[in-house]
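Some structures to go through are shown next.
Next come two complexes, and both contain subunit A; in the first it sits with subunit B, in the second with subunit C.
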Partner chain A sequence: MAAVGRLAGGARLSRPRWRTGLLLALPAIVIFAALFVAPLFTLVANSFRTQTGAFTLGNYARFLGDPFYRDVLWNTLKVAALTTAGCLLVGYPFALYMRARSPRVRNRLALLLLSPLLISMVIRAYGWLVVLGPNGPVASAFQALGLTPPQLLYNDTAVLIGMVHVMLAYMVLPLMGSLDRIDPTLVPAAKGLGASGWTCFWRITLPLSAPGMLAGAMIVFSLTASSFVTPAILGGPKVKLMPYFVYTQATTTLDWPYAAAIGFVLVVVTTGLLLGYSRLLRRGNGEVVFG
Partner chain B sequence: MTTMTDAPASTEVRRGRLRLSGVRKVLGGKEVVSAVDLETEPGEFLTLLGPSGCGKTTTLNMIAGHLAADGGLIEVDGRDITTVPPHRRSMGMVFQSYALFPHLTIADNVAFGLRMRKVGAAERRRRVADMLELVGLDGMAGRHPRQLSGGQQQRAALARALVIQPDLLLLDEPFSNLDAQLRVRLRDEVAALQRRIGTTAILVTHDQEEALAVSDRIAVMAGGVIHQLDRPQEIYLRPATDFVAQFIGEVNALDGTALGGGACEIAGRTVAATPAGEPPAKGAAVRVYVRPEVVRVGHDGDGLRGTVRETRFLGSRIRCVVATPAGEVTAALPYDAAVPQEGEEVTCTWRPSDASLAARA
Partner chain C sequence: MTRLTRLLGAAFATLVGLFLIAPVAVTVASSLTATSYVTFPPQGLTLRWYGEVLAKPEFLSSFALSAGVALAAAALSAVVGLAGGLAIHRHRFPGRAALEAVLSSAFAVPTIVLGIGLLQWFAQMGLASSPFTLLLAHLVLTVPYAVRLVLAGLSGLDRSAEKAAAGLGAPPFLVFWHVTLPAVRGALIGGAFFAFITSFDDLTVALFVVTTDLQTLPVRIFNYMQYDYDPTVTAIGTLMVLFAVIAVVVIERFVGVAKLFGADTQERS
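Moving on to the complex of A and B:
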């Protein structure tokens, strides 16, 4: 009892604990502040300058006033959204399957899921070039069936296939976490009350896995919207996405302020959408995933 | 006890006769339930009591349909439901973890089964409100499960199970997650409610006191079989097997030799008890089970002679240990009994109907 009293009287204990906590978090905070927050401020400041350094809103006016760039933004969000939807459609059944397996099998499946991330992005993308190319196995299969192979390279479909492949793990792992937190007696309880397996899924499992779905969707969406290598290789010059234009403005045109403005528009739009998601979730389920 | 069993205050049509015949279940290559037979009366409160791993929860899950029986027959009111999927059975189940749907309000949780049964909105609202009032949760309808205390959550789970007017109410260790005081209160409430509504209830528990307090009959299980299925006082006073005697309460187990009928010879003295099942043949090795509460310590009558080793005042009872040639006999004497002195020569006696006698393995 005395020990509990001392613990409960907490002021003396909690302060050193608080300090230890800060100390533990410090390396991460320093890295985050120095390598993300500070450059972001520089980026924002740069985006409001002309090439010679004077203040201007011209970079944003140029972006928003040009239908071509608005189209690029729209296409970027579309590809990110479709990739997210693809990951969800492929990943949800996979997560359900994983959950029903033994821990040993689960670990192997998780490794399988993470395996695309172990290979260099460039090599993986070139692999897809071979698979989806005119002499690849997909085209051969179509030809063997007497069908004209569809154009699978250098378009949104190619980017979508490549991105879903990479991003799947980012969807499945949070989803697994969410599914694991569901009390395993809920489905039997629902069945006992007259719900079929399908109804149990729609009314119990799916709504309760919403936090995982939304967390996965946020990660996949924001990573896809800002990805460069895979869309550049698989999409080619015809698929125009925001990160590609940031790259060309910065390295080819050497218009850094404009590159900064394009980059910042992407950050703002993506962050806005994520906050929207988060709010949606908080209202729907009373739980907070991010922020 | 008997009056409660004999006069349930229900006016509803009595149904919910459950019958298990030779029900078996093999899990992971091990037979966890072996040929279980039991039959309930409509409106009965029957408890499956046993230690963990005895097969009681597996049996309940087979009744609910969450596990498929590997053999045998499960019938409700003469209808074979052995292979009927759980959502087509009519069972109201209450889980140890409450299993309330966390994303739904209490009202929606209770309404879930009615929704599945396509009960109209107006009737649904009325039945949910009535049921919430019955379990004392009126005013909680709009809350979410996490906003309720453990006891309230279990009441909500009970309401959700009962509102569908199930054939059977299945209770899977429903009180284990509650603190001791609340556990006793809620179990008495549930027992009273069950008698009022008249739904047959099957309770699974490892808590013998709980089983004795609420049940019309208790099935004591161990190793996948039912050792004894009887009224609580029978189970307590006249255990049929060594396991039942040892698992429930405290017992004096005295070894002797059968003399025919209920009589037997223990350490040169003749004592009597009630045979569990067929009386053992004369000369057979038997064991007599006597609860401390039924042992009287005095100087007269046929019984075991011995020396008082210790007496201890325990508040509600006085505990008296007598060393006899057959071993120590513990008696729990009422507070106003003549308390023998330590070292006194005494005779331990009991009414033959208050003790049981079974063949010794």
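Moving on to the complex of A and C:
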């Protein structure tokens, strides 16, 4: 009987009153209400204001009406799409290679993939400035071959190289998740029935890894569209991307309402994609969770 | 055929590996150059640029600011993350769903948008920029990761161990200290180190929150790069890489780096 009483005590442990929960969650709630929700609301509110504070839709009208800013939006989407394609092109074979390794090697490779994300962004971008710069290894390789080195910095190509470098992990890891879920007996079965290696890849592996590709593509696209540091350092003002204009409008031009509007358009573009992605995940049995 | 594919695969993987380490390897190597401009391969061998770093007081004060804010962010994220993770994992309370939604959308909102939002919000509140406001801003970046890791740690904990301890008469605090906490210890240490590097490396948010006399190390480097192209930056870069390597070793030991990014590369059962 006493044992039953104790068990009941144990059960109470698993169903505490809501007050304890609220108390424990309070610091996080306060931080995110005051420093995340409130700033974002302020931002949205400011984007509908003139510099003097009156209500206006002018900031958005200006963004969508100005060919220069339409070009910025277009270029942002273009660079994000090219980065996604680059990650897929490099990442898919790399994921296949990783899958065939032992768990130990696999773990090492994953760490290698993630290493760019753990190094300071400024230093990483600076490293690319050196690699692609006039005194860097790429330029000297061209000179050694007797060729004039191409202009590799301060253009879309530089941004693309730098972004594929950081984003590769976000493509490969979901892809690995998808590849791992493929029934390992499918390919040998198809081979036994006479299918060639190429057919197996085309008809089994590729279609079954589509969820991972899609997940990776959405993350890479939206993170690239919203990244600031790498494009700012490698592309500079010549590469017209939205985050860069959020920054210059806020700190140089000091047009805060307009900066807010550009920022909000950016949020709509990127989070719209991520929301679609998490909806997809919930429908499938996705294990790789982003956010 | 299989041998050829294997060889091609290895060659391709090596190329990707080179691509991944190129910027860091080149930065470290060129920090040793004797020339007064950055070049790779380095010419000559000198530690002069490390001396230059130490001779620049503005870099040292920026380092102190960054390290201080990052340490505070790490400690606070661990505490807030543990409490928040526990609350979400095992309690029902008003606002729980909202908190979860906000925490996960924090991963999705572009950092630059958060930066400019904080800039305008702080201005509206009349909060002048200080190490404290920077710390507050960084918590928004680090706490979601800490909560995510704590939740992962808690989901691996068998609740019957806690019930057994409580059933044997242990008061709640002792149950927490001896059963619950050890289960999330790795998550806390890993989360704290990750919070440290996130805060220490952040440029995007800091650019909006700081002023000219309050520059974190990344902001200082970013501004220095606009005007100077001498190897000092490569020397600082090397030191920062060293810092990150230590943090990564610790994170890998306690939680696994891949888990931070929501993926698990360990073999599935």
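Structure notes:
By definition in this document, the second predicted complex is superposed on the first by the 229 of 291 C-alpha atoms of A that agree within 3 Å, B and C clash if a C-alpha of one lies under 4 Å from a C-alpha of the other, contacts with A are read in each partner's own complex, and residues count from 1 in each chain.
Here, a contact is a pair of C-beta atoms (placed from the backbone, for glycine too) under 8 Å apart; a residue touches a chain by one contact, two chains touch by 3 or more.
All figures in this text were calculated on a predicted structure; none of them were measured in a lab.
Of the two partner chains placed around the shared chain by superposition, subunit C is the only one that A:P137 touches, whereas subunit B remains out of contact. Judged by the touch definition given at the top, the superposed model places A:I204 against subunit B, while subunit C stays out of reach.
In the superposed model, A:D255 lies in contact with neither subunit B nor subunit C.
In the superposition on chain A, A:Y126 makes contact with subunit C only, not with subunit B. Of the two partner chains placed around the shared chain by superposition, subunit B is the only one that A:G194 touches, whereas subunit C remains out of contact. When both complexes are overlaid on chain A, the residue A:T271 reaches subunit C alone and has no touch with subunit B. The partner that reaches more residues of subunit A, of the two candidates subunit B and subunit C, is C. Within subunit A, not a single residue is touched by subunit B in the first complex and by subunit C in the second.
Residues 64-66, 85-89, 91-93, 95, 97, 99, 101-103, 112-113, 116-117, 144, 160-161, 164, 170 of subunit B are the ones that touch subunit A when the two sit in their complex.
Partner subunit A is touched in their complex by these residues of subunit C: 9, 12-13, 16-17, 19-24, 26-27, 30, 37-41, 79-81, 83-84, 86-88, 90-96, 99, 102-114, 116-121, 124, 136-137, 139-140, 143, 147, 159, 162-164, 166-169, 172, 175, 197, 200-201, 203-204, 207-208, 218, 221-222, 225, 233-234, 236-237, 240-241, 244, 247-248, 252, 256-258, 261-268. Taken in their complex, subunit A has these residues touching subunit C: 3, 6-7, 9-11, 13-14, 16, 18-29, 31-32, 34-40, 42-43, 46, 90, 93-94, 96-97, 100, 103, 106-107, 109-131, 133, 135-137, 140, 165, 168-170, 173-174, 176-177, 180, 222, 226-229, 233, 243, 246-247, 250-251, 256, 259-260, 263-264, 266-267, 270-271, 274-275, 287-291. The residues of subunit A lying in touch with subunit B in their complex are 183, 185-186, 188-196, 199, 203-204, 207-208, 285-286.
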